[in-house]
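Pasting the structures in now, so scroll down.
In the two assemblies presented below, subunit A is common to both, partnered first by subunit B and then by subunit C.
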Partner chain A sequence: MPVFKTPFNGYSVKFSPFYESRLAVGTAQNFGILGNGRVHILDLPPTPSSPFVEVASFDTADGVYDVAWSESHDSLLVAALADGSLKIYDLSLPPTSNPIRSLQEHSREVQSVDYNPVRRDSFVSSSWDDSIKLWTLDRPASIRSFQEHAYCVYAAVWNPRHADVFASASGDCTLRVWDVREPGSTMVVAAHEFEILSCDWNKYDDCVIATASVDKSVRVWDIRTYRTPLAVLNGHGYAARKVKFSPHNRSFLVSCSYDMTVCAWDYMVEDARIGQYGHHTEFAVGLDMSVLVEGLIASTGWDELVYVWQYGTDPRAP
Partner chain B sequence: MEIAINRQRVLLEHLRPSSSSSFVYGTDSSSSSSPPISASACAAGDSAAYHRTSVFGDDVVIVAAYRTPICKAKRGGFKDTHADDLLAPVLKAVIEKSNVNPSEVGDIVVGTVLAPGSQRATECRMAAFYAGFPETVPIRTVNRQCSSGLQAVADVAAAIRAGFYDIGIGAGLESMTSSPLAWEGSVNPKVKIFEQAQSCLLPMGITSENVAHRFGVTRQEQDQAAVESHQRAAAAIASGKFKDEIIPVPTKIVDPKTGDEKPVTISIDDGVRPNARFSDLAKLKPVFKKDGSTTAGNSSQVSDGAGAVLLMKRSIAVQKGLPILGVFRTFAAVGVDPAIMGVGPAAAIPAAVKAAGLELDDIDLFEINEAFASQFVYCRNKLELDPEKVNVNGGAIALGHPLGATGARCVATLLHEMKRRGKDCRFGVISMCIGSGMGAAAVFERGDAVDDLCNARVVQSNGLLSKDAR
Partner chain C sequence: MATPPNPTDGNPPTPATQPTQPTNQDQQDSKVEAPSQTSPTSVFVNSEPMREEQVQNAVKFLSHPKVRGSPVIYRRSFLEKKGLTKEEIDEAFKRVPDPPPSATNVNQDAQVKPSSSSQPQAVVQTLQPAAAAPPGTISSMRSRFHWSHAVFAIGLLAVSGAGTAVLIKKSIVPRLKTWIRKVVLEEEDDIVKKIDSKPSLAEEAAAAAKAAAAAAADVAKASQEMLNSKNEERRRFEEFTNLLDVQVREMKSMTNAIRKLEGQSNTQGRASFVDQEDHGIAISNSKQMYVNNKVDYDLRSVRSSSPPTSAEPSVAPHPKSYMDIMAMIQRGERPPNIRDINDQPPNPNQQPSNPRLAPRAKPWELSQAHNSSQPLQSQVSSEGLNSKVQDNGVTYQLNGDSSVPWWQQKNVKITEIENGDELKAGIYGQRFSEPPVQPPVQRSWVPPQPPPVAMPEAAEAIRRPKPAVQREQLVDDQSVTNPSDVTDELLRVTKISESGGAMEVNGGSLVLNSSVEINGGSSVLNSSEIQEDHSYEQSVHST
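Take a look at the complex of A and B:
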């Protein structure tokens, strides 16, 4: 599979839910500390030996920490920016008329954005200003702000079955589950003793959720019995930065870490770690699994490279 | 900046070592005792991951640096040349060779030491007219003794960085033929109370003896350094290395016996003795102290010369399509004990290098002024510099030390040598000691190594397509 070199440090990569060969990459200059950002829209080439095709790219005034494709329109995507804004881009329009919207409400860096996969009309963003905000495309302001976390909220992810439920992972060491119809969070899980950097729902069991933490572990929880985790996945040498459940296998998940590796896990078996990829040469920060192609994984990191590979093969193989 | 610090803090928290060691399956051991991670100072040197590129449009760059030949005072090629006639050719050269319109120059700063201040300032103004500058271009002089030429370049760089103007010339001029070292009037008797003030009055040769004595620099080491200086300078002349930087000066020579004037064009340095031998130098008597080690052979020569350096903002240079010879990175002047003023470079070089975010190891080439072999050898050893990187084309012992011009001369020599050496030679340092107890140093970076295409044209970035797709 080809490798794409981004000019800035990679922060996020997401497969399009509409086209199996398309992905979006969010990048930030100077490791996201200071400088500009860029969103790249890439198409996988028809043959593995040819390079990626860059369909479009959008420059931003601050680093892009996350991107999310719209679940309702194949040309729409949302970018989460370090300056606290969310930008909505429409690929069917020329670059000069993009972004079509800029939503500025968060007072600090927005680290994650996730599009509702069930109702397909709204998305949530989570920010270092300790809040989570709910948005829809047709409104210029957020519908609701969820303000309970005591430190940066690093991730907010919709439940794949329930249109109103999402979970959030925060640096205050808690995982919270929310229902947008309820005034406050419906559940607080003290999932780790250190900051929680990411979480993701199991796509087959709507009660199972995975968390990734600075304590280097990935834990899998059943929210009905959240006193102890279902599984503790050890193996990363530094904080696990992102975790993602497979859309095609109920017990398969992948995680990436500050130890520069990407790990694949089966949380139901004893030796849970079933794969480790050391293809990145800097922190591995962005990770996604394709909904349309089984076993297709994409990763990006501060080494400014985007890899796409089939599970079981070497990401670096041409 | 506060945002960047905050972001860095949040990210560093992610890396803090936690008690649950991940490599021990099933057990949460609390034995992890690795030291906490902290951010280290950003390195800018060869080890740095990111090189400066042409996007740094506000860099101060050098696009031209030229000098006259350096000739022996009173006996050499410029013994009958007016000081302003030395300066005019180099001022003219930097403008003509770079095709810059002289009226665009924002200021000319000339480092000059011995001549009476106001008279020399007027001479410089006259020289600017000889060189073809319009009346609108201002000029001034600066005097930081032996580093005046470098100070002039640094002053221009600072003014460009401050936004006073975009294009400036830093120059140096000295005619030691016409203005000898002398003290006018009487000395304030108060100096007797202040030991360091009194040390300022020491002849330079005595300070050299002090350095040699205090730091144990032997006569052999000094003579060896002198021989090496002559050999390197002679080799550089023989291989035509100085041709790139020297501007031939048309002038006249008066025969001292007959008084006949003869027009000549001076184009080579005349102080270099290619056949300087260790055994000959060893025979010379110490000049300043009976049992001393500083001789006429291992001290810098008394000379005439001038140099000029054209500086501008990088964005202007790119606009004009001018080749970038070097980038002016940092400058530092540091005070030292006047009685051993020669140790100046040993104090100033680390200061300037540190200010540039570099380590001494990152520096690939040095021009350290050889005021005296004693202080030169001391500074080289003190900083543990590789002799193969220092004064590769000889120094002031062979070429001469026209006080005010030396700094500008070194810039021309250093940058042209860096250009010849190619990309491996990325950083260069110029330094000299300063009479009355100071040292000055400046760090330069290669121009074209920074970005191969920086001089081609400004590319308006096209965000639509990557290079691969085009």
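Take a look at the complex of A and C:
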């Protein structure tokens, strides 16, 4: 399986929704505490034993905490930076023309950015300044700002079936469901006793959402019965950093954690954890599953390595 | 930060979305399961009634004096963490009773708002209708206290008066009597004493002289004795000091001998017995131990070893270089490897390049059978990639279906796993077999809005591969018994499209959308194919 060594500590990895073999990696220097950042665009090699092909890379003044591919343009991607800005890059243009936009509105680090997969024209960014902002590519300023959380908003994710609905996970221990047509959040779920670091919607059941928290558990909720979770997935040794539902299977999800592992779960069976990968040697922080290739997983971590492997195979196999 | 976001903050959603909103509302109202709410997105709204117990607990919390002083956003956040819904929290804020003397505006506003349920307001209105509400409440409260206070004070005074009267009777009156008797007796004694004292003066003088002489002699003797004793003491003291010196010398010689014998340098401690230095050393030792313990505590707090199965979050051990950088930053230093990078856009008005590929349908937007999507996807992807292969400069061996890239060889592996491993059948079992237990109601999803088709030619190209055989099987299996079911409509529509012979997966969902727009009933089955195609074209042009 191919491995890529980034010069900085890895923070986020995302597969392209247009090209099966393409992925973007966001990295930050000095563990993201203070330093520059870099966005890498990689292509999967023709054979698994070859290294990745780096198609492009962009240097940034501050660390890159997240990247998101556009759903409407195959060559556009958005990067979320630690200085509160969002940068938009166009791979079809020469590197000297990039970035094409810098959106500076957040007053603190932007932790996540997500592109709308239904409308394909807008994206949300969530920040440590407790707010979430809604943007489109054609406007220089945000369309809306959602300010209700009492602490850092670590993730904001669009619902895969409802064009105007998204969910946010925050350090104030709540998960909120929003509708861009409504003035405020439509649901508040007290999901964990500790900070919630990530959330993701089930692609096949539009009311099911998973949350990953500092309390080491991943919980799966049905927001229609939001008082108790559908499943509590324990198995990580430290905080669960990111969770992702499979785009191809309704009960399959993966999560990565500060215990340096990536775990695969089936939340509908008794013994939920069905896979564990300990390939990272530092915090595993970035995780994605390909929408185009079933079972393809990518992960990155503070050990400055990017792995891509099929579920069921060994990421470190040559 | 405490203010809720204003809808007027930014521009309303883009015009392209507005015509689709009414259709969304129609479709979502049809799937309301809870009692109908005012908002159209019924599934994503809390539909529970307000829980009175929770509201009362929240009111108690908000009435606490310490809570009153905290910012509103933290109070809301606390209640949200406890699991209260927005409505319950708003109700609790409304019900918080009296404004504090240093009241926040929120509480006063809640007070002034017409809420006839709270009693204090009614009292205020009856007592002082002319005054403003808050000072009225305060003064009325004071007047009530005043009356009860007066009654209480009068009672106290009465009791104390009675008590003092009793005391006076019992104690003071007898004292007065005894004092009067004393005075009378003293007067009598004085008169007697004066008569007796005069004749004996001379005798007394002579006696006094004798006594004085004797005393002088005694004093002289005593002083001499004292001098003698002092001398003796001095002598004894000198002897004692001499003895002590002798002893000290002996001890010193002994220690020297011991030092020579042992040859150690640590005997300072012992020698310092006399010097009183050990006290200082003991203090410094104890200080060092304290410091060490503190350092140990710090290390432990970072690298804690709590068991992983506990729900308590334990701080994960950070890499050593992470701690180094944190320490550097806390000292105010800047890590040396940071460069000054200008990442501003060179042209902020740069137009993004035109997309070369049409957006691809997501796997969850396809029809129910996932296994049918798999080969379809590979065909679509191979076509898409082929168009880009030359541009990328990386060549792949994609010749239709025969050679699949290595990252997609999972198809082979799935069947192997499925045959062998029972554990993993849980996932893939659902893929390859009809989901037996799930009722069709769960399948009723709102179809997504048709993505903007930027390149109709590409959309046509994607549509060309024929749908797989399995889809026909599915359609045959499902019975047409529930005409209002959205899923069945989809199947009927796909059947129509298949017989038409030129519909693609994405197109299937579009057709459904348009069919619902038209009539949402079962008459779709009877409408002609031509009409379906026309409606598809219309919906494409409208987006």
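Please note the rule applied: the second predicted complex is superposed on the first by the 318 of 318 C-alpha atoms of A that agree within 3 Å, B and C clash if a C-alpha of one lies under 4 Å from a C-alpha of the other, contacts with A are read in each partner's own complex, and residues count from 1 in each chain.
Simple rule for what comes next: a residue touches a chain if its C-beta (ideal position, glycine included) is under 8 Å from a C-beta of that chain, and two chains touch if they have at least 3 such contacts.
This one's a predicted model, so the numbers in the text were calculated from it and none came from an experiment.
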| item | value |
| --- | --- |
| Contacts of A:Y19 with subunit B and subunit C, given as first, second, both or neither | second |
| Greater subunit A contact set [subunit C / subunit B] | C |
| Which of subunit B and subunit C A:S217 touches, first, second, both or neither | both |
| Subunit B versus subunit C as contact partner of A:E304, first or second or both or neither | neither |
| Which of subunit B and subunit C A:D59 touches, first, second, both or neither | both |
| Touching partner for A:R119 - first (subunit B), second (subunit C), both, neither | second |
| Touched partner set for A:I100, first subunit B, second subunit C, both or neither | second |
| First, second, both or neither for A:A239, with subunit B first and subunit C second | both |
| Touching partner for A:R181 - first (subunit B), second (subunit C), both, neither | second |
| Which superposed partner A:P48 touches (first subunit B, second subunit C, both, neither) | second |
| Subunit A residues contacted in one complex by subunit B, in the other by subunit C | 31, 33-34, 53, 58-59, 193-194, 214-217, 234, 236-239, 258 |
| Touching residues (chain side subunit A, partner subunit B) in the complex | 31-34, 38, 40, 51-54, 56-59, 82, 95, 109, 128, 152, 171, 193-195, 197, 214-217, 234-239, 241, 258 |
| Residue ranges of subunit C in contact with subunit A within the complex | 1, 3-7, 9-11, 13-14, 16-17, 20-21, 24, 33-34, 39-41, 43-46, 73-74, 76-77, 80-83, 85-86, 308-309, 311-314, 316, 319, 321-322, 325-326, 329, 334-335, 337-348, 350-353, 355-357, 359-360, 362-364, 370, 374, 377, 381, 384-385, 388, 392, 394-397, 405-410, 413-414, 417, 423-424, 426-427, 430-431, 442, 445-446, 448-449, 451-452, 454 |
| Interface residues, subunit B side, partner subunit A - complex | 3-4, 7-8, 10-11, 13-16, 18-26, 463-466, 468-469 |
| Partner subunit C, residues of subunit A touching it in the complex | 17-21, 29-31, 33-36, 43-44, 46-48, 53, 55, 58-61, 71-76, 87-88, 90, 92-93, 96-102, 117-121, 130, 134, 136-137, 139-148, 150-151, 160-165, 172-174, 177, 179-188, 190, 193-194, 203-207, 214-217, 223-224, 226-227, 234, 236-239, 247-252, 258-259, 266, 268-269, 271, 274, 282-283, 291-296, 302, 308, 310-313 |
